[in-house]
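What follows is a structure written as structure tokens; I'll ask about it next.
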Amino acid sequence: MAEPTTDTPLIAARGISKSFAGVEVLRDVDLDLQRGEIHALLGENGAGKSTFAKILAGVHRPTRGTVALNGEVVDINSPITAQKLGVTLIHQEPISFPDLTVAENLVLGRTVGAPLARVHWAQMTREARQLMDLLGVRIDVTRPMRGLSIADQQMVEIARALASDSRLIIMDEPTAPLTPKEVDTLFGIARRLRGEGRTIVFISHRLEEVRSLCDRVTIFRDGNRVATDTIANLSDGDIIRLMIGRPLREYMKKHGTTIGEVALKIEHLSKPGLFTDISFDVRKGEIVGLGGLIGAGRTDVARAIFGVAPASSGTITVNGKAVVVTSPSQAIDLGLAFVPEDRAIAGIFRTLPVEQNISAAVPRRIAPGGIIRRKVEKALAAESVRRLRIRLASMRQPIGELSGGNQQKSILARWLLTDPSVLILDEPTRGIDIGVKAEFYDMIGELAASGRAILLISSELPELLALCDRVLVMSEGRLTANIARADASQESIMQAAVPRSTVAA
Amino acid sequence: MLKRTLLAGMAALGLAVAFSSGALAAHDFKIVYIGKNTGNPYFDSITGGFKDACAKIGCQFEFVAPATAEATSQIPLIDAQVQKGVNVIAIAPNSPDAMNQALDAARAKGILVLAVNGDLVGNESHRDANILPVDFTKTGPNQVELMGSMIGYKGDIAILSATTEAPDQNTWIAAMKDTLAKDPKYKDMKLVATVYGDDQPEKSTTEMEGLLSNYPNLVGVIAPTTVGVAAAAQVVQQRGIADKVHVTGLGLPSEMKDFIKDGTVKAFQLWSPYNEGWLAAYFADGVLNKTIDNKVGTKFDVPTLGTITIGDKNVMNTQAELTTFDASNIDNFNF
Amino acid sequence: MNAVKSILLRREIGIFAAIVVFCAIVGIANPRFLTTDNFRVILLLMPLVMVAAMGEMLVIIARHVDLSVGSTLGFSAMMTALMFKLAPGIPWYLGFGVAIGIGAVLGLINGAMIIAFRLPAIIVTLGTLYLYRGLTFIASDARQIDRQFIPGPLKAMSANSPTYALPWIVIIAVAVVLITYWFANHSRLGRQVYAIGSNPAAAPLRGIPVTAVTLAVFSISGALAGLAGIMYASRWAFVNPSNTGWGFEFQVIAAVVIGGVSINGGVGSVLGVVLGVLLLSCVSAALPLLGIAGTVQSAIYGLVIIIALVIDQTVRERGILALASARSARP
Amino acid sequence: MTTEPIAPTANALDAAPARPLWQVIFIRPVMLTVLLLILEPIVASVFWPQSLDLQYILSTFTLTAPLALMALVLTLVIIAGEIDLSPASSMALTACVFAAVQQAGVPFPLAVLICVVLGLVLGLFNAFLVVFLRLPSLIATIGTLTFYRGLAQVLAGDNSIKLPEWYMGLNLVTILGIPVPDLIVLVAAILLALLLGATIFGRQVFQIGTNEIAARHAGIRTRSIKTTLFATLGVVSALAGMMFVSQLGTVRYDLGLGGELQMVLMAMLGGTYIFGGRGSILGTFLAGWLLSIMTNAMNTASWLPATQFCLLGVLLIVSIIITNFIYSRTQR
């Protein structure tokens, strides 16, 4: 390849567009990445930054547009090619091979070596140890990955990226599960790599991190690149405005609601390895937020309450009567509803008609005596579609053909049909576009206003701050804070979210 | 009640077809032989007999067989042949009874049904006649005598048979036991075990190995089944104990040649499967043309075989004796 | 320290214990079971299953399964035998090349269809189980190839006459085991097989050439089945279109699963599979000595497969819990 | 089928346009079977006209009927995202027991009861392995496939067990000229089609097969439904066995040996999606007839049975490929 001159950027992306299932998630993104810079990608969930990163790493291929490396247009058609070109991606959720040792996970997939080349265990282990020492992590590299904490898996992930001497390292929210100490080490290394003239793309939600580490920021919104500038030139206000288009509060108006008696009461709920001694309550008409870092155990608590994965000890009280929930069907009968975090996995029946997706949780209403009454079902579904303004071409088209936002609306519709008294929403606005988000916030408000108790799990601090009457915070499986709306702030929540064990350290 | 409707139906059909079959041109009839399963070398030579006979007689012959010897596997083939309107179905039954209904249906259509090599033991009423290679009552004694001659009428012997069910094998084994018990000539020969190799080479081999370890003083093994005798011979050959343990039984020359040549097996016996086919074809021709009255006691002549007598239960055999194969004559046979 | 390894180790010790206990019981019932004589019998029962099981092990570790090994064995054996019959002059050792080659091709076809159309291996190989069997019939015109067409030296390879310390086919099996051990534990490709089975979704993101590895694994499985095919010709000195390799896949899968190879992929060791094969061979060698009819054999195989599956599941679940609770050291 | 849009017609970002009606109707895997069902007679009429006699077709289908009966229920199991390879074996086992106990003098009604209960037990054991121990059903039922037939062999050895004379010949009883076994399959098909299409149970079977986790979250009792399906298949295998032995008048452990392939084949040919969530009873029903008719043709043509093996194997793979292809195209 031509000898790169210093002024040609390492990466020059031009007109990158990407659509999934006919839904466009990236639109004509142009972006230059210079050698030896740490470049932050900011934006709300679903703004397209992760998709862009994955395109650079060869995980996705762009629908349109080109990527030039050192001024040469390259086709990054697979992760293998990406590695050959010196591009490494640290995934948001660390991926690993649970049955293989940590050391193996570090070297696996290195593109060097013939298929029958010998694996030098001793040498491999030695190198692995060195890397771990470098990162200041104490992990026995000869143990299998299975059972490592998310944080440790993330560190292995980072170590892997360092081991492969890549020219471009993309870190997709690497710090989410890390302790401040680990974050410092990571940043130290990142700076050193920059010193070596390597380029780092850093994706994060935490502005302070971005400020302390990055040289330049690019902000995505709604699949578009809305701004690229040196960090110094942008105030936090600017950044947030750029991220969400308009200042948050505007449309997140809180409906004045009267808060009634306790609808859901949790006492000393525990499940070994996931969460311990969780106690809180949610009142009628109240929106209680549940914040924390990824892997803090928030979703596990929700799953336990709803009976998907029942807790091993502790009591649950619904509308005043103590219950033992062992299955979702039972939870539904008790008047609970749960909109799960991952729509595709736990929510929709992708290939089935929208109407069947909406009516899924109310068999008795659509099929008294076991025989399905098509008219009743149609009516219910049509009503929901109208009420939640679900936009579709036909009630009978597979829900998979709908946009993320409308899929999520359909799931919400499913639960509203059960007329729940307690509604648990797990990251309800993840990966849906900004306009629909606004609608969701309004709906959640209305639901509370109609006297339902709502438990809102969210990683988006602004969301929690704007919507919730109270914010609970979990960290490493424990409840670490219960903050009233008045005292809730991004800082107070983060403070509680960061693992205790390490604050001392 | 059910049965009655069935019978009535068959009677009607029977009449109808009786005429047509009566009206068919002298020797130009279709005969099909349904073997136990494909890939079974034994049937190649029976088929040979059918072919040659039909060539002489002028009838058309076809051989079909299912892929596996599973009990019901021959039924669709029978149905299909009936549907094609063959005149004679000769079959080596995979089960003594599973085919009854299909065969009845065939006979109701005026088709002549012959069991060739192996009979529908206990269900003789479902076929017109049974053609066997030899007089099976003699097989047992002949085998014992051959064994005796090899081991000097002295020592422990065992039997390695096919499946526990196989009707012919069982008649022979019974006869062997009987002979050993009654005839003083064999008083020093002791039958210590009878095992079954399911006509699977692997199983037969492990059973043979089992015999050898269980009965150290074993001097002879009779395997009245082609698969078994080959397996037994191979074990003896590989252990190099041919001088100590003598193997004989009913085998195919093509499979046993090597063992005879290297002395692993001194001699074994078999009838001529070829003649079975030959006889069956001529018998069928005779019956269809009313020259043979298919009744017990009827005598008729068949080229090269001489006079054949229809015995009890319409069973007949080629009137030949078992052939004994040894180094002197093995090369003259190619089946 | 290394929990998964130790679990597996415990697992292998378990199988070994099972073998010892079994042999002891049978030995008491019939002392002749413990003679060197009978040891040879067991030894000669193992090679074919052993060789094929090594291939099946890799396939299952990669979170697939190959039901067509029996038919692959049959087809390659038949083609080799046909070659010997039609071209008697041909050097006998060429048979190995032919059998292995044909096997590899059949395996490759399995892999190709699984990859190309993203089909579950079990259905594809269920189809080819019948397809390859059918081709065997057609190729041989449904005729058995008799022993006089099998070259003498080839037959001699499985002769266990006292003049041989160990029959050749046993030595071949041992060699295959050793090579497989090296391949699975010390070759790059081998480790990639484990990786794919351990987390198929992550494999491509890690730059593991999933397609190539999968094709390789199925080709190896096929090739080894082919090798087992010519070993069959050597052992039984005939090849029959319907008998040869019929139902063989159940023995092989049984051996592998008993050996502690996880059907959920990623876990499994050569040692375990070797013990699995040994256990099965002891069982089938014991039956005649105990005067038990051969008809119980398939029932025993089926039962053993189920038990092994259940153990595998429970052991793994307990193992994961143990690991999950054993959190790694943090500063 | 398609209702007029309720919401203002969606733009690209909200939802892809619905598929045109003709596609919904015609572009579906079962069409492969229909096509073959139309083609076969045409081809046969040229080469093997004898195979086209209606009486012959009806009477030979009685041999396929037991497998077809089980295949119909198997279809539900596959739609629910599982599979069961053991029914043919449990049919053999239950049938052997059925005959054995009657020979031992057990009165007929009791024998039927024993047989059905045994079938239920065998089905529940599969459910235990798959639903509660969470073993992959493909492998688990390969185990029970071997085990159940093995038990039959232990019970009956190589001997065939006779049934009472009067019990024989169900296939010779005809209603409107159609043999009873064929009618049984027809009726079963209609009932199951209704169950699958018109009841909430059928709906939930589809939902489980499409996305089990989502189904569980939606309060659908996935485990009990799957257990029901396996149990039903067990019972039906017992019934199929009783039907089959009435035609044979005798039973041996190898009854329906290798039938699992044909059953899976019927389901696949009928357009049931191997990964669950899609499929139809009609498809399996038609595929059953198609197989029977094709086998007839090949038998009357005296084709080497091996060629039939090849055809079955190829058909299986081809039908899956086509099914997968169509579904991957019609679902976005």
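We call the chains A, B, C and D, going by the order they appear; numbering starts again at 1 in every chain.
The criterion applied here is as follows: contacts are C-beta pairs under 8 Å (C-beta built on N, C-alpha and C of every residue); 3 or more make two chains touch, one makes a residue touch a chain.
Since this is a predicted model, take the numbers as computed values, not measurements.
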Output for shared partners of subunit B and subunit D reads C
Of all the other chains, whose mean CA position lies farthest from subunit B? A
Length of the line joining the C-alpha centres of subunit A and subunit D, rounded to whole Å: 43
When the centre of a chain is set as the mean of its C-alpha atoms, what distance in Å lies between subunit A and subunit B? 75
Distance-wise, how many Å sit between the C-alpha centres of subunit C and subunit D, to the nearest whole number? 31
Indicate the residues of subunit C shared as contacts by at least two other chains. 133, 137, 142, 241, 293, 295, 297
Per-residue overlap in subunit B, given as positions that touch at least 2 other chains: 38, 65, 67-68, 164, 198
Of all the residues in subunit D, which ones touch at least 2 other chains? 157-158, 304-306, 308-309
Is the chain-to-chain touch network here best called a line, a ring, a star, complete, or other? other
Using the touch rule from the top of the page, what pairs of chains touch, sorted by label? A-C, A-D, B-C, B-D, C-D
Which stretch or stretches of subunit A touch subunit C in the complex? 59, 78-80, 82-83, 91, 95-101, 104, 108-111, 113-119, 121, 136-140, 142-144, 146-149, 151-152, 181, 272-273, 501, 505
Show which residues of subunit C lie in contact with subunit D when the two form their complex. 65, 67, 113, 117-120, 122-124, 126-138, 142, 241, 250, 253-254, 257, 263-264, 293, 295-303, 305-306, 309-310, 313-314
Touching subunit B in the complex: which residues of subunit C? 30, 32-33, 35, 37-38, 41, 45, 133, 137, 140, 142-144, 146-148, 158-163, 236-238, 240-243, 284-285, 287-289, 293-295, 297
Listed in rising order, the residues of subunit D that touch subunit C in the complex are 129, 133-136, 138-140, 142-151, 153-154, 157-158, 253, 261, 264, 268, 274-275, 304-314, 316-317, 320-321, 324-325
Residues of subunit D touching subunit B in their complex? 50-51, 53, 56, 59-60, 63, 157-160, 162, 165-166, 168-169, 171-173, 247-250, 252, 254-258, 295-296, 299-300, 302, 304-306, 308-309
